[in-house]
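Next up is a structure, given as structure tokens.
Labels for the chains are A, B, C, D, E, F, G, H, I, J, K and L, by order of writing; each one numbers its residues from 1.
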């Protein structure tokens, strides 16, 4: 089973930026830990601040992978193009957010990504990624 | 660890109603299976079609339980009173939805409940409940 | 043929309240007269000020009755849960209103109930109920 | 008792157009049947695709007839002038719609006609006309 | 003179819940104190988390009491049915709020209750109830 | 100097319809009186309930007359086509209204006609027409 | 017959400011000319850039004058207090505007003043004032 | 204890203007009566139709008085500057309204003043002022 | 192959009206030229300022022609009835506009016609018609 | 004559993605066919999922090419920067869409690109590109 | 070179009011310092809480001064009259704000003043004034 | 002191594009001049049409530079991701615009960037950059 986690803009600053909202762990450490916790899964990771690069990656993996876990960051609320990319590939995606986006500014309440994903998980910190992974492992 | 699942209006029709959206399993069967899968958790279940009864149950469990998993059904989008109940108790709540509410009518996109919950899980069928339970079991 | 009339909040005050809008007849007198006018129909009547009780009654009758005539009163404009209840049962419903809701405050122009009913009849006083009954008797 | 049915634009296509929404019966057949079912009523029928012709007809009949049954079709949602015509004559009007307009596009939910009519009947197919006629026959 | 105070959802948590907003006094203690301060008034108290129960109580007292003091809590902003109940009875009502609702979330700025009450008092903590009582005692 | 008064839908009912708003004088009597009061002006009058006929008349007079006085009635608020007709001819138009449209329903506050007219006169009863005529007589 | 013209903010700059919109004549010259053209009228003039001073003047003249002609300038669109002043006095007012406010920015389309005036005249340059005066002279 | 009542525009017309809404008593008579009813309070009164004068008075009293009772009249709904003045001084203010502003035009439902006041009292006629005074006398 | 071009209101003024927007060519000259350029097509032309006449023409041609090219002019933005006419016939329609409607007033950006047409061509002057014709000739 | 076709995000998936909406042909095949059909035109093609790359290409070609045919895909509705790029270069652009964007989700109805293009062609499948090319070939 | 700084309502409280937002310096001290830092400039200062007085001052200086630096305070968001005053004079104005108005309440994000000023400077504390002065000194 | 100027999309066309709005100077010439005018500052410059590249540059400089001067061009109004990048780094940013964005299309009035910047300077042409630089040099 191969799964890719795709992170959007500014998530490379995790552990460095706005710690009150996003916590203190760097994503790399978390990813290593996650990978070792699920040895049976072929887990990949991609981060970019560029909308185009994210779309390219969705196209690249979207016809062969078993699942996409996507945290599109701020693109969640502005990118119809990423929405169309997810809708256009065959692999199903799960949307995750570290913070509870419904507790933040109004313009972060709307997700263009959610309607084309299988489901959405928001607010559990980095655990959101693990829950998405759990879902892919147990779905029938 | 004691956890309560609170289901809102019409969820007693599960397995009987709008199967295209909600699936064919009755909640009772699912709950029994879930309970037996997590023997270490003292898992409770409550369903009501009445907003007042749901608020009463939140008050009753909200100062002694370790977690509330709430699917407020249609009250999600109309009940400020349930929102205030969750905000007013000490136990943390996780919001779940069976269907992906962002794929449905516009008036189901807004959740009054989400901002006062720890996090929100939507779209994974009955698996949404299990993921919420997973979260309570692993959170630190 | 068994039909149930379900009346929502404050309709128990009929004949007592805001007579300019709702007229002077009590619903009980009207119902007795209606019942005796249609002896072939097994006509039932239920009124409650509680949203939950109305949903329970829809569930109870919605898989065995031949028709539901519903005047959800003020819940017409606020209750997604009653809407979901009607959508979730098998019996078809007809929405009625005593007053012409389009002549009243703007927030009474929107009905959450109408889209899940077969049809809607508004503004004919208590005659609205009789017209709904006529419909069920003549539909093919 | 003389009653006129006034049909607005495109209703001449009935039985020919969008049968999924409007059914297969031509209005002429239905009208003949209706007329013969109510021999005591002097029942008239007028259809036009022109807003001005409809207003003229309302003026012409609106001071001598006992009732107007109007299905203004798409003009329901755009014509203030027909609204003013109905408000300006003495005969009372009842609004009817074949389809349940609340199940269709949002711009069909608003009726400029409804607030100046006595009542509104929507969603019962051609039966909507008969229910309106029933109302005029039984009103006191 | 008989007056009833009707409290809506979650106000039973007073003194226990969100103390920064609502203060530390339990309503029971306050009510006892209020009652003893106004021995000439036959002062009643009712609280419920259920909209239906509140409507029932308004109907029950609304034709015999001299005044209703209502803090509908979160129902203030969502319940047309309570609004209709107040409009439908004879006893006049005064709306009170403990917190200044205009300093809180936007969705708490709109009151469906205020337009059918005689007046509205908001922001004075539990003193809001006493001011309402003062009004009933001194009005001519 | 030749001037035409163009009246829109339902203004033929003047003196017959909604007298509280529009007064008791028939337009014909008023027009005769106006004509005799301004013998030097070649004054014409046209009324139609049809948008198309009004546009045709604007085209017909709009390249040779010295002024158009238009009361488009309910078309004021819905007809972009009349707006375009006025904008497309050479003769300048003045918009008049009998009632003060700003004291009526909100949907009568917006005029599509006003922005393409030279000016607008509203609320002076039939005097509005005379004031418009006065303007054309004195403008330089 | 005594009539007062009240001009609001910036109208003292007339003939000096934005000549493309307001023309080249100073209001003083126009007023002198107007006064001499209507010797039978006791015509007064007041201009202020202060909302309070305009309200004071409306109070001062509003119980003894035969008419108020008001061009509230930019206060037209922002001052509820001037609206209340006009509604609160006995003398009737006519609203005038030099430019056609419906051809300008959207925020100039709404007038708080118009609904409490007898009528409104807009777009005829300084002639707007004369037409208003004509009205007062001829009204019955 | 020194308290100032500040009244905004048009409140000098009280007892003279729109008596259906505001009653028949002049404020001066009411104030005299109020003063004599509370001999222990050093009660002041200020009215102005000018926003600037009201702000000046708030600045003048807002660092030495024990309370401000403000009825900003129509400025309630338009003046951010008065809001800022109240927010900028040390003395706490209570907002009062004679009429129930929630029963009036929509544009009177929003108060810019309420969020910076301690509380708000609306709808009790001139009693609203006395209730505000009561509050200042009893607050701890 | 028979194709009809249907032009809406004011398009008879082409070459005469607002030349900055619509150009200097009369439609008749253009049509003659177009017809002679496509001798194999049986090309018809109809223009009316009346909504009803346009609907009649759509009904008349809509079950036998091979294509409708419609420029509904100002009716594009206001006529649901023309929309329903196109949706109700069998012949497919292509919407054309001479000017780029997206560069004009906001109320011209919305087309009620576009969603029921096969496609839309806007902004190419009279060439828009020729491109539509090209489409019908080459479609498979 | 040199013309460039610029395709935005996800259009590289054509023939692979959402075939119900976009058809089954790959763009490369279509482009080859188009090129061979118009040997006199020097036809170029560029596709990118990156907004920045598209802007760079517009800058690069926008001062030397004879025409730009742009299908900005989902960027149509979100990219002010592409709009500014087109507005900032000398070459004129024509907007094309494969599907009829007015039949899709509301957020696809608004085009930021259309107002700065010469014209817009939408809904003709891949034929939309050919029609745009036709336009450039025949414009004078 | 003569420049005037015009400060609007409540700015006289600077250094006394809401120090978290506006800082601790009184404007007088700052002005003295500024004046001595730019001996070559004839620098004036005017503050008023009255909209009318500010307009008068703009008229007084607006035809002879070399620049106006205006911080209209809360009038920024409500005063069309000050906007018109600035648009009506010849001297160019620069808008300044002490705080970053875009970080504050939504109703402070809209400036009626900005569109008629040459430019706008917001968020630099009292430095905003100095930057505006710098601009006037260096502009060509 | 090291400061970076970051310019967004299309600003590379400066001096070439829409000169009426942006002026005739190329940014390179301006930058050279600016650099030589402030020899004490280590001034950097970066321009990109790609959102991702701008975010990368903010990350790269945002923990070591003394200031960021950012003109995000059209991204100002659409990019939450750039907003988050600025909010996520330590270096403070100042927003600049060449044109007065409040005089342009409505969709350019909203800045997502402004609320996370220290301050905003708009409308002074290229001088806007110099004023921002002045600010960094003088701030304490």
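Criterion: a contact is a pair of C-beta atoms (placed from the backbone, for glycine too) under 8 Å apart; a residue touches a chain by one contact, two chains touch by 3 or more.
Keep in mind the model is a prediction, meaning the values are calculated, not measured.
Any chain bridging subunit C and subunit L, meaning touching each of them, is missing here; the list is empty.
Rounded to whole angstrom, the centroid-to-centroid distance between subunit C and subunit G, based on C-alpha atoms, equals 54 Å. Centre to centre, using the average C-alpha position, subunit E and subunit I are separated by 62 Å.
Centre-to-centre, using mean CA coordinates, subunit C is 47 Å away from subunit H. Residue positions of subunit K touching 2 or more other chains: 50-53, 78.
Screening every pair of chains for touch gives A-B, A-J, A-L, B-C, B-E, C-D, C-E, D-F, D-I, E-H, F-G, F-I, G-H, G-K, H-K, I-J, J-L, K-L.
Within the complex, the subunit D residues that touch subunit C are 100, 102-103, 109-111, 114-115, 117-124, 127-128, 130-131, 134-135, 138-139. Considering their complex, residues 8-10, 12-13, 16-18, 48-53, 73-75, 77-78, 107-108 of subunit G touch subunit K. Subunit F meets subunit I in the complex at residues 50-53, 55-56, 59, 78-81, 83-85, 87-89.
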